[in-house]
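Next come two complexes built around subunit A: one with subunit B, the other with subunit C.
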Partner chain A sequence: MITYEMPLLLRLMTRPELVSTLKRTAGIIFDQGGIIRRLDSLGTKDLPYRISSHGAVHRRASQFIIEFVVPPSSIKILKDEFERDIDVVRSRIYKVEELTPVECTLHEEILPPAYRKDVQEMVELAKKKFKPKFKNNTGLSYYPFQK
Partner chain B sequence: MLRQLQCSASVRFFLPPDIMNVVANPVCKQSVRWRRKPPGTPLAKSKLFRIPPRPQVPEEERIELFRLTTNYNTFIKSVREFLREEVQSAAGKEQLADAVSMDDDLIRCKEINDKWNAEVALIREKRLLHEKEEKLNLISKRLEERKIRERNRVAEINELVRMEKEKEKYYITSENIDEAIENALRGEVDYNFAIDVKGNIYKGEVAEENLEKKAVETV
Partner chain C sequence: MSALMPAISKTGNILKSFMNLRASLQVARVRPFTSSIKENSSRYDDLKKESDPDMPLEDIKNPFEKEKIKCILCEHNIRVDYKNVRLLSQFVSRYTGRIYGRHITRLCKAQQERVEKEIWKAQQAGLMGGYTRDLAYANDPQLFNPDQPIRPHRF
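Coming up: the complex of A and B.
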């Protein structure tokens, strides 16, 4: 069972219209033998850029996220349906990937560069690249003769 | 090919002795590479229908030449025949002696070879037994691993089914879609949050004043 996630932008509508559009959208998913796991509203917000769809330019949209499960073969049908729905400004379907647990390494990352392990490794690597330098063996920190 | 410039003896008398030397005087060099017609030239038109005259050999000379040639051939033939007989008789004796010694040698070689074969056969048997045992071990090990893999897979699937069954009560279907839509529209969600160095999480998209008080969670 693959879970899909769909951000859905709907044009500005009255509440009953919005409800009916959402119901229609959900109905299309149910018709394909799917179920919805999560239905979240992000509110009506300004879009980051103008979006023109179905002959109108949109600057604001009601934003939703729907997480659902359908057979993979139905994805094409769903995309087609939502594209042709005139109330939908934009919709995309992504696969939800399970989050793998991440170990926190912040305390190592915020150390000064010289103490960081990866930096130390890089320094070691760079040292290997240096060519051997000629030693004067004069016991002085400077070159005593005129260059 | 190079040749020295040719000149009469009288002229040469008046010239210094070195002047006719090719090495000393390269001016005297003459290339004589193409002295004749090149090899590809066709037969000359004037020589096209010329029939060369047959060599005229006098009758007496012909008879004498025939006698000499025949004589020579006979001598050579007899010498050759004699030598052949000599060589064949000598070789026959040698061959016979060789054959006897070769049979002995062959028998000896065969004995050594059989001995080696027996030794190698022992080693091979041991090796094959070992290999068979190893192979059997490998097969049984793989079968065992496969069983474990299958068992783990079934367990994983069962776990997945169990979890899905648990989640079943939260499914949104055509029966409770109205309620879900109402809930969604009522409570808007904001996924944005910020985090500071101390590990405090501040939820919401827009930064607000008195952030310290607003910290919701700590990592």
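Coming up: the complex of A and C.
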């Protein structure tokens, strides 16, 4: 099963309303056979930009982040459910990526261009593109006749 | 003329046999000589190494090799995440709201790609503005100097 993360923006509501909305969203996930791993509240904040949803313009919203596990086939259903929910200003579902240690390649990237691998590859590619030049086969480095 | 012919052929035969003998002698002389040199040289080197510890070592790393430079995120082992808007907004210009390029941020390719991806995710989720930087984060310390890019740019 894949772990997903959902930043959820809810419209400004009273506390009991907010609780019922969260319970509803949780219920939708449970209905799909999912498990909620984590539910964080980031508080009620000003939005970075105005968001209009369901016929209203929102400038403030309560932010939540829900981490859950559901079968991938039900993601489409969840998206549709939250899109149609009037209290949800915006919701996105992102996959939680596993930590994979990446080796830093900066020391190779800041080398002078001639020593960089990608540049060397580019130069070779450019060489391949050149058309073959006509050879005089005179054994001379210059053209012996008048041009 | 017919009387002379056998005499010439005789001398020719003698010459041939002489040349063959010379060739065989040469071979016999050269072979052991070369092989003995090879054997002696390797043994000589071994003896030299054993007896003289001051001789230069052959298989040694370049002692003058510079330390590998790491980008700021790899160095401190920081994982950028779309929820950490404050960190992400440090890679965004406070004037134009645009993401700084690799020539300014001095990140490695993988990290720069990741930063751009996470910024896009945060913007889509409504956590971070596009083409704006939150005023609360406007005076955060600079991780890099955009006025001194490692390569010239068009801004």
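One rule holds in what follows: the second predicted complex is superposed on the first by the 82 of 147 C-alpha atoms of A that agree within 3 Å, B and C clash if a C-alpha of one lies under 4 Å from a C-alpha of the other, contacts with A are read in each partner's own complex, and residues count from 1 in each chain.
As a convention for this text, a residue touches a chain if its C-beta (ideal position, glycine included) is under 8 Å from a C-beta of that chain, and two chains touch if they have at least 3 such contacts.
Everything numeric in this text was worked out from a predicted model, so none of it was measured.
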Partner chain(s) touched by A:Ala114 [first = subunit B, second = subunit C, both, neither]: neither
First, second, both or neither for A:Ile35, with subunit B first and subunit C second: first
Partner chain(s) touched by A:Val102 [first = subunit B, second = subunit C, both, neither]: second
Touching partner for A:Leu140 - first (subunit B), second (subunit C), both, neither: neither
Which of subunit B and subunit C A:Ala126 touches, first, second, both or neither: neither
Contacts of A:Ile51 with subunit B and subunit C, given as first, second, both or neither: second
Residues of subunit A contacting subunit B in one complex and subunit C in the other: 42, 65, 104, 110
Complex contacts: residues of subunit C adjacent to subunit A: 68-71, 74-75, 79, 82-83, 102, 106-111, 121, 123-130, 132, 134, 150
Subunit B-touching residues of subunit A, taken from the complex the two chains share: 1, 15, 18-19, 22-23, 26-27, 30, 35-43, 64-65, 104, 110
Contact set on subunit B toward subunit A in their complex: 164, 167, 170-174, 177-178, 180-185, 187-191, 197, 219
Touch list for subunit A against partner subunit C, complex: 7, 9, 42, 47-49, 51, 61, 63, 65, 89-90, 92, 94, 99, 102-107, 109-110
